[in-house]
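Look at the two complexes coming up: chain A is in both, with chain B in one and chain C in the other.
This part shows the complex of A and B:
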C-alpha cells in the first residue's frame, strides 16, 4: 500500500465514531435510493400492466383520428385483413377486436350514459384480464346473444343485478337509432373506478348487429410478447397497414399514446420522488461536509507542520480527497449491497400495500407490489450520492490550500 | 561562509486596527556549522524570526538569504521546495504526523523528496539509530514520550542533510533532564556531522549549550556573543 493510501486509511479511522456515522449516512442514503427507485419502477410496471391488461393492450390498430374523435364512423373496415397481417408479424402474441359506442344505459329505475364495448368472447380473454375480474356471475361465453357484463359500480348505480335487463340506446354507424335490450350476465370490478362506473361489455357480433357496423370494428387490440417490444412491433406493422384499404388510413398506436394520462402520472410521481431524494442526498451531503470540515479544522496544526516541511498544497488536497474517497466508497459499497439485497428480497416476496397508495389504486393495483431492480435503479441513486459526496469533500480539501502556514502552526 | 544572512529585517503584524511590531530591524549572519541560540523573553520575536528564516512567512521589510537563495525573488512554491530540501524544522511540540510511525514520519520527508522506498527506509533507520531510537521505529507519536517525539523530529529534520535546522524552543515542553539529553544529541550532530542548528529558548540552562548566543529584546538583536569553545 502506498504511503498516501495508508495515511488516508488511518486518518479515516482516527475518529471512529464520526467516521462510522458518516459511513452510515452514506450507506443509508445509497440503500434507500436503490430501494425507492426500484419500488417506484416496480409500481410503474404494475400500473402500466394493469392498464394494458384492462384497457389498451400493448398496441391498438385504429382508423386514423378515432383516438381523438371517438366517432362511430371511424372504423377498421376489414378486421379479417388486419388479422391476417397480425398472424404473420413476429412478437405479436395475440389480438382481439373491439367496437365501442357511447350510449344511454337504462334499467327499470335509472339511466346513465356509458360506453358499450363489443368484445369477442373467445379472443378477448387472451388480451385482457377482465374475464378474471368477474366478481359475480360469469363472463360472456357465446358469440351471439343479448347479454352483457357490467362494471360493478355502474350496476350499483343502475340498481341492477344478475339476470336483470338493461336497455341500450345509441346511434348506429349509419346514423340510425340503435336500440336493444340485454340481460346482465356478470359483474366485473377492475379496481379502476372510472372504468367500473361507466362501461358494459356485450358480444362483438351482437354489437355489430345492433349498431349497424356491417362487420367493422373500432380497435384491434394487440398483446406483444414483451412490453419493451412495443415500438418494434409498431415499426413492423406500419408499412403493412398502409396496404389495407380503409376509409381512413389505419395506424398502430402504443399503449402510452392511447393512455397519455398514465405517462403523465408516472412523470409527476418521478418528479416528486426526485425532489424527496434530492433533499435526502443534500442532508447527507451536509453531514459529510461537516465531517470533513471538522476533521480539517482539528488537524490545522498538523497541516501547518506538513506545509512547513515542504508538502505542496496539491499533495495535501490529494491526501484529503483520498480520505473522503475511502469513506465514500465504504458507505456506497455497504449501502449498495444492503439496498440491492433488501430490494431483491422484496422483489421475490412482494410488499403488502393494504390500500396505502392512492395513485396505485387508481390504476387498479392493490394487494402486493413487487419492486423491480434494474440497471437504472441500481446505479442512479449511488451515482447521485457519489457526485454529491465528492462535491462535499472538495470544499474542505480545497480550503486547506488557503491556510497560512504560520497561523496553522500557531493553532492550538 | 554565511548560510543565513538577514539585513534590516522588520515584521509588523496587523491585528485588526492594531499593528504589532514583532521585529524592528534585525541584521544577522550565521555561518555554516553554527550552533546558535536565539534567546529572549516571551514575546521578544524569536518565533517570528525563525519563521522568517525558514521561509514560512515574509518580512515586512529587509532581505533574507538562506544558502545563497534570496527569498524576495522566490514564490511560495519555490520556498516550499527550498524548505523541503534545505531546511529542517523542529517545533516546540506536536511535530509529528500522528497517523505515521516514527519510521514513517522520517520517511515521509524523503517521500516528498521523491526518494525511492528502499533508500528511504535504510536512511530513516540509520538516522533514527543516530538519535537513539532504534527500538522504537514502529511506534506512533502517541506511543512515544515527549523527549522521544522531539528526537524523531530532529531525525526528520536532519535526514536529508539540510543547510540549517531551525528549532523553536525544542525543549520547552520537556523536563530539564530530557531537554539536556536532546541538546547533547543536537550538539553531537553539530560537532560530528557539521549540522547547522539555530534554536530559540528563554531558558538559561539551554543557552549554556550554545556556541553563539544572540539575545533578542523587543524585536531587536540586543547582544551577540560567541563563547569560547
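This part shows the complex of A and C:
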C-alpha cells in the first residue's frame, strides 16, 4: 500500500460517524437500484410469459401479410411441410397449427362478433396454457367434433353454459358462407379480458371443414426452449421456409413483432424508470457532494499545514480522491451485497401485490411478482452510482487546490 | 428569540448553510418534477378514458352494465331526462346514446364494432368525437344513412369516404337487423383501439334500425368543474325511479381507479426513498456543523444554557433551513414544470403508450395534494432526523467541549 493510500484509509476512519453516514447513503442508493431494476425486469418477464403462453407463442410462421390483414385467404398451404422443418430445427421445443376466422357467434338469444380459432387439441396444450386455464368443464378432447371451449366473458355475454349450443356464421376461405353448430365443452379465463371476451376455440380439422380451408392453416405457433433464443430460431428457419411453396411466401415472426405494443410498453416503462432512478441518483450525488465538501472545509487548517510542509496541491487532490474512492467502493460493496441479498430473497418468495391485482390482471399476471436478478440489474445501478459519486467527489478534490497556505492556517 | 439567534447562526457561515440548502432544494425539486410528470400522465389517461364515451356519470337500466344488450335499454328516456334536468347543476351537460355490439362488413372484410347512436350536437360537447380531427364531415340531423368511422377501422377494412359499411346486430325482436351506411367522416382518436372500436350514426337511425322506438341505452353526464361527484350521484340515485342505476366513472373504469390509487401509494413510497437519499446528506452536514461548533455549544452550556434549549436551538436552525430549501425547491419545481408545459412527446413509444392506455404527449401537472405530500415528508422527516445532531450537541459537556480547539 502506497503511503498516500494508507493515509487516505486512516483519514477516512478519523471520523467514523461521518464515514458511516456517507457509506450508508451510497449503500442505500446501490441496494435500492439493484432491487428496483430486478423488480422491473421480473415483472416484464411475467408480462411477456403471460402473453406468450396464452396465445402468441415465441414465434409464428404465417403467410406474408397475414399479420396485418388477417385475411382468410392468406394461408399456410402445407402445414406438414412446415412441421417437417420444425422437427429438424434445434431449440424448437414444440409447435402447433392454428386457423382463425372472424365470425358471428350466436346463442339462443344473443349474437356477438368474435374470433373462432381452430386448434389441434393434442398439440395446442404443448404451446399454450389455455388447457390449464379451463375454469369450467373440460378441454377439447376430439381432434374432430362439433365442440368448443369459450372465453368466460364471451360465454357470460352470450348467456351460455356447458352443453349449450352456439351457432357460428362466417365466411370460408373460398368466400362461401360458413355455418355450423357447436356444443360448449368448457370455459376458459386467461385474465386478459380482451381475449376472454372475444374468442372461442374449436378443433382444427372441424374448423378446416367448416371454413373450407382445404387442409391449410393460418399460423404455426412455435415454442422455443428459451425466450432469449427467439432470434436465433428465426434465423435458422428463414432460409428453410423460403424453400416451401406457398401462394404468398412464408415468414417467421417473433412475439415482439406479433405484439409490438408489449415490447414498446416495456421500453416506455424502462425509460421512465431510468429517469426516476437518475433523479434519485442525482439527489444521492448532492448528499455525497455535501459531505465531501463539508469534510474538506472542516479540514482547511489541516490542508494548510500539509501545504506548509511542502505537499503539492496535486498530491492533495490525489489523496482526497483516494478517500472518496474508498468511501464509494465500501458503499457500493455493502449496497451490492444487501441489494442482491434482499432481491434474491424476494426472487424465491415473490412479492404479494394484492392491492393492484386488477392492474396486473390486465397484463395477464396474477397474484405474486418475482424480481429477477440479471447481469444488467446487478450492474447498471451500481455503475450509475459509481459514476455519479466520482463526479461528486471531483469538485471538492479540485477545490482544495485553490486554498492559500496563509489563509488556511488562519482558518479557525 | 430562538429563531432570531438561529437565523443569525445560519448566516455566520453562509457557505456551509448554502451547501445544506442545495441538498434540500435538489431533493424537493426532483420530487415535484417527477410527481408532476407522472401525475400528468395518469390524469390524462383518466381524462382520455372519460372522454371515450364514459363521462363523469352514467344512468343505465339496472342490469345493462353487466349485460349490455338491447332488452336492457331505457324505454322511457323522458323520465330520466326530467330527473336529470331537475337534479343536475345548471352547467352540467348530458346526452343519451344507443350502444350495441354489431358486426360491420363490406365486400372484403368484417369486424366487430360498437355502434353508437348519438345526438350529434350534444355529443360533440361531451366526448372526444367533438374534438377529434375529422376527414370528411360530422353527422347532422339530416344524415340518417351516414356513419362516422375511425381511421384504423377504415384502413383495416380497406374502405374510404362515401363507401358503404353494412352493420349487422340483434334488434329488439331478437332478429338480425342490418342496414347499410355511407362513411361521411373518418375520425382520428388518441388511441388506435378507439378508432377500431366505435362507429357513430344518428341516434334516430340506430333506433329505427334496431326497432327500439324512443329507447336509448344510456345517459351520460359531464359535470362542471368543481362539482362533487359523489354528492350528485347520490342525489340522482334518490331522484330516479326504480329500475335505474347510476354509475360514476370510478365504477365504470375500475382499472383507472386502481391506477390512481396505486399511484397515490407510489408517490408516498417514492417520496420516502428520495428523502432517505437526501436525509443522509442532511444529517451528515448538520452533524458536522454541530461538531465544528462544539466549542460554542460548550461555552453556551458553561454559561448555564440547558440541554433542552440547545436541542431547540439546533432544531430551529434545521427548521429554517428546511423552510428556505422548501421555498426554493417548490419555486424551482414549478418553474421547471411551467417550462415543460408544451408537453413531453412520447411518439417514439407510441405503440407502448397505446398499450398502456396513455396519451402520446404528456403534460406535466402539479397537483396540490402531491405538493403537500412531498413538502410534508421532507419537512417532518427532516426535523425528525435533525434530532440526532441536536441530541449530540446537547450532550457535549462544557469541559470536553471547551478543551476542543
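The definition used in the following text is that the second predicted complex is superposed on the first by the 405 of 412 C-alpha atoms of A that agree within 3 Å, B and C clash if a C-alpha of one lies under 4 Å from a C-alpha of the other, contacts with A are read in each partner's own complex, and residues count from 1 in each chain.
By our rule, a residue touches a chain if its C-beta (ideal position, glycine included) is under 8 Å from a C-beta of that chain, and two chains touch if they have at least 3 such contacts.
All figures in this text were calculated on a predicted structure; none of them were measured in a lab.
S.K.: Looking at the overlay, what does A:280 touch: chain B (first), chain C (second), both, or neither?
M.R.: A:280: touches chain C, not chain B.
S.K.: Could you tell me if A:202 is touching chain B, chain C, both of them or neither one (first, second, both, neither)?
M.R.: The answer is neither, since A:202 touches no partner chain.
S.K.: Examine A:302 and indicate which partner it touches, taking first as chain B and second as chain C; both and neither are also allowed.
M.R.: A:302: touches chain B, not chain C.
S.K.: Check whether chain B or chain C contacts more residues of chain A in the superposed model.
M.R.: C
S.K.: So, does A:406 touch the first partner chain B, the second partner chain C, both, or neither?
M.R.: A:406 sits against chain B, while chain C stays out of touch.
S.K.: Between chain B (first) and chain C (second), which, if any, makes contact with A:101: first, second, both or neither?
M.R.: Neither partner.
S.K.: After lining up the shared chain so the two structures overlap, which partner does A:392 touch, if you call chain B first and chain C second: first, second, both or neither?
M.R.: Neither chain B nor chain C is touched by A:392.
S.K.: Could you tell me which stretches of chain A are touched by chain B in one complex and by chain C in the other?
M.R.: Looking at chain A, the two contact sets are disjoint.
S.K.: So in the complex, which bits of chain B are touching chain A?
M.R.: 51, 54, 56-57, 77, 80-81, 83-85, 89, 91, 94-100, 104, 107-109, 111-112, 156
S.K.: Which part of chain A faces chain B closely enough to touch in the complex?
M.R.: Those in contact with chain B are residues 3, 6-7, 10-11, 14, 301-302, 305-312, 315, 404-406, 409.
S.K.: Contact residues on chain A for chain C in the complex?
M.R.: 17-18, 21-22, 24-25, 28-29, 32, 71, 102, 104, 109-114, 156-157, 159, 171, 198, 260-269, 271-272, 275-276, 279-280, 282-284, 286-288, 290-291, 293-295, 297-298, 355-356, 358-359, 362
S.K.: Touching chain A in the complex: which residues of chain C?
M.R.: 15-16, 19-20, 22-23, 26-27, 30, 33-34, 38, 66-67, 69, 101-103, 109-112, 168-170, 174, 176, 254-255, 258-259, 261-262, 265, 270, 273-274, 276-278, 280-285, 287-289, 291-292, 346, 349-356, 358
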